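Here's the structure, in structure tokens; my notes come after.
Think of it as A, B and C in the order they're written, each chain with its own count starting at 1.
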Amino acid sequence: MSDAAHYNFAYLDEQTKRMIRRALLKAVAIPGYQVPFASREMPMPYGWGTGGVQVTASVLGPDDILKVIDQGADDTTNAVSIRKFFERTAGIATTTHTRDATVIQTRHRIPEAPLKEGQILVYQVPIPEPLRFLEPRETETRRQHALEDYGLMHVKLYEDIARHGHIATTYAYPVKVDDRYIMDPSPTPKFDNPKMDMCPALQLFGAGREKRIYALPPYTKVVSLDFEDHPFERTKFDRGCELCGAEGIYLDEVVTDDRGGCMYVCSDTDYCEGRRAAPHAAAPPIREARR
Amino acid sequence: MALSAAQRGFDDAVRESQRTFRLVLDAMAHAGRILRSDATLAPPPPLLSTSASIILALADFETAIWLDEPAADCPAVADFLRFHTGARLVRACRDADFAIIAAPARMPPLASFAQGTPEYPDRSTTLIVQVEALAGVGWQFRGPGIQDSAHFSATPMPLDFPQQLLENRARFPRGVDLVFATSTEIAALPRSARITAGPACTSR
Amino acid sequence: MYVAVKGGEAAIAAAHALLDKERRGEPAIPELTTDQIREQLALAVDRVMCEGSLYDRDLAALAIKQARGDLIEAIFLVRAYRSTLPRFGYATPIDTGSMTIRRRISATFKDLPGGQVLGPTFDYTHRLLDDRRHGAAPVVQPLRKAVEDDAAVPHVSDLLGEQGLIEPNPRAVNDEAVGDLTRDPLSFPADRDLRLQSLSRGDEGLLLALGYSTQRGYGRTHPFAGEIRMGPVEVHFVPEELGFEVSLGTILVTECEMVNQFKGSAESPPQFTRGYGLTFGHCERKAMSMALVDRALRARELGEEVVAPAQDEEFVLSHTDNVQATGFVEHLKLPHYVDFQAELQLVRQMRCEWEAANRKEAAE
């Protein structure tokens, strides 16, 4: 049973793909709304990208070029594992270059290079419900979304400010989609939130264990929640990448010794490698956070 | 059993379903954008090749299809759909996951189809509307999938169709999504699209 | 000079080669066969079939071997394989009343039609490690109680039911399809068909703990083990093209019916209520726990106050699946350094602000 010949193209059977495709179309039509879907058991654990993998498998065709990243890097173990899964079951071309990919599956990052029209970004989502940590019951959160009753979220963010002087959410920072649904952007750092707003690419979100799919069509207004007196602030690093010199990008802190030594390098490995290969290439413009 | 050309489904179901789905996804993600379809099916009339491929790609035994009168009046259409999708054909349009409209000028009001509930707005009908022509002029739309504004029109449609679209949007997140098909092109208006300007429809 | 970490692919391949080596253990010791697992670790096979939701002893044995005896991993392997199988239809409901009894006990009546049949059980064994089992222990041929082959073995609940002393079993509504949580996402409130399916696939450990909690007062239901029966039952199927029932073979199942107290109300006379458990294979602890939790989850339906975890349908059903649970708990092993970096930045910033505020206070 280790042979791709035993399985359908991209592993999922056609009936499952149809069910997921129907859910995807609804998700695109109702931006930010979580569509329940009959998530299947996948040959990888729940919580390790089964939602993203099912979405990718339902979208992929033989002409697609797939990129898979985890923490911004193509070479992290789970990214390698998922890329191999699709090479094996769909026999499709893969790439590490953001600009060449037609479908990008990601965990925890949005690439630094701006995405283009026609590209699809598939997010792996652990907990799709932005209100879940405020209200554990699905019956209750579903009602809150239906009534657009988001007071709880604002209270939570405001309590943060009262206690810490900041909104103490640094990743999975909630956003409002097209002035209607509050959405969890998946555990990407809030640094990446502005990239979602009016993005030319289609963004699809798959949560396998929680059995939810949601989407942001291209050119959708996505606003990070904030307050007049405490506007959303993008995380800023007061330094650049020590390998490629890029600034205004997200950095990994790498511990180099046990005496507090560390260095900062690009989290997006393709971006970093591209700059090092062509050091004079201009960095892509970083769009300002939308208010 | 030999199948006539009119009965044949996809030659390569895996590949053609995927291509058709991506086309519809692309259309749904870009409200009002007109896309070329390379559908090659020869379904029984009044079904068009384009709409037949959409329904074959998306419907199965877990879905319910409603046909408008001209489509329902042709038993070959029902046979074709049952044979290739296994879908249930329903009499009431509010019970449908998909509705196929062959005579759009006379179609039932959008509000008569399944609208979903406030908790589950996805439990709604997707309309596949066969029209004679699509054009990048006419009504103006804004909203998700549209960079600034988009012009789009389909003919023939009911006279009050722009008003129906306004009401459909007013019901958001409840509402229906529309996929338009001519014999060679498709376009979509998801419920998120806001109609902002344009002439009233001309019905023929 | 630091170089970005590379070689994930080679590391994964090497790790998996090492796993294969460890799985085999000491090469001088004969390799375990799946036949041996199927025959001699039959209760492990039963648990994997039950929670894997796939009745295939050979595949379950293979999964146990591949998983090095980690049963949750084996269940996961079976589930992942199961989800690729085409579905050609639904069997008709099995009839446990026509079971070929291998074990049947009741704690509510001393004797009853069909009798008490102990069958293969750990009950009343003295849990003393037995040295003889290191090697090939002699097998004593068990005595068989003389039973007439077609002697009726009615359900204890039916005996009570004839006197109206227990609530009637719900009847299937023909037009209403039985739910299937592997095909449709679960939504709440969930009906009893979906609850039972979820419990039957659910983790034995969780159900055991929840069932236990009801006995200790967290949603007390006053249970009696009305009957536990185990044995093979026939599975029937009606193919669309034939239109009549054909037998697909037999499966071994364990069924537990708990008899629980219920005071009755203005509308209904006092009668006992039911809790139901059913598992593939011989999973007695699981079937009993399931029956306790099923009864507890009927609180809403029976107008009881929902106060305990075992009565809380959304809580129980959201956490019974051990494949989901293990995946999400273990995903914490995956890299999270992007999120951690974001938190680290914030904590450092907040510490700076805190220290500055303290210095200022000290200076004043």
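To be clear about the criterion, a residue touches a chain if its C-beta (ideal position, glycine included) is under 8 Å from a C-beta of that chain, and two chains touch if they have at least 3 such contacts.
A quick note: this is a predicted structure, and the numbers were derived from the prediction, not measured.
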| So that we know how the chains sit together, what is the shape of their touch graph: line, ring, star, complete or other? | line
| note | Averaging each chain's Cα atoms, the one nearest the global Cα mean turns out to be A
| field | Comparison of A-B and A-C (more C-beta pairs in contact) | value | A-C
| message | Farthest chain from chain B, going by mean C-alpha coordinates, please. | response | C
| field | Rounded Å distance between chain B and chain C, as computed from the means of their C-alpha atoms | value | 44
| query | Whole-Å distance, chain A centre to chain C centre, using C-alpha means? | reply | 34
| request: Would you kindly tell me how far, in whole Å, the mean C-alpha position of chain B lies from that of chain A? | output: 30
| What residues in chain A touch two or more of the other chains? | 36
| said: Using the touch definition from the top, which residues of chain B touch two or more other chains? | reply: 62
| said: Among all residues of chain C, which ones touch two or more of the remaining chains? | reply: 183
| Where on chain A is chain B touching in the complex? | 8-9, 14-15, 17-19, 21-31, 33, 35-36, 58-62, 142-143, 145-147, 178, 180-181, 198, 200, 202, 216-221
| message | Using the touch definition from the top, list the residues of chain C that touch chain A in their complex. | response | 2, 4-9, 11-12, 76, 79-84, 86, 182-189, 314, 318, 323-324, 326-331, 334-339, 341-346, 349-350, 353
| field | Of chain B, residues touching chain A in the complex | value | 13-15, 17-19, 21-22, 24-25, 28-31, 57-60, 62-63, 97, 117-122, 124, 126, 143-147, 172-173, 177, 190-192
| message | Under the stated contact criterion, what part of chain A meets chain C in this complex? | response | 1, 7, 11, 13, 36-43, 45-48, 50, 70-73, 75-81, 84, 107-109, 126, 137-139, 164-166, 168, 170-172, 187-191, 209, 211-212, 235, 237, 242-243, 250-254, 256, 263, 265, 267, 269, 272
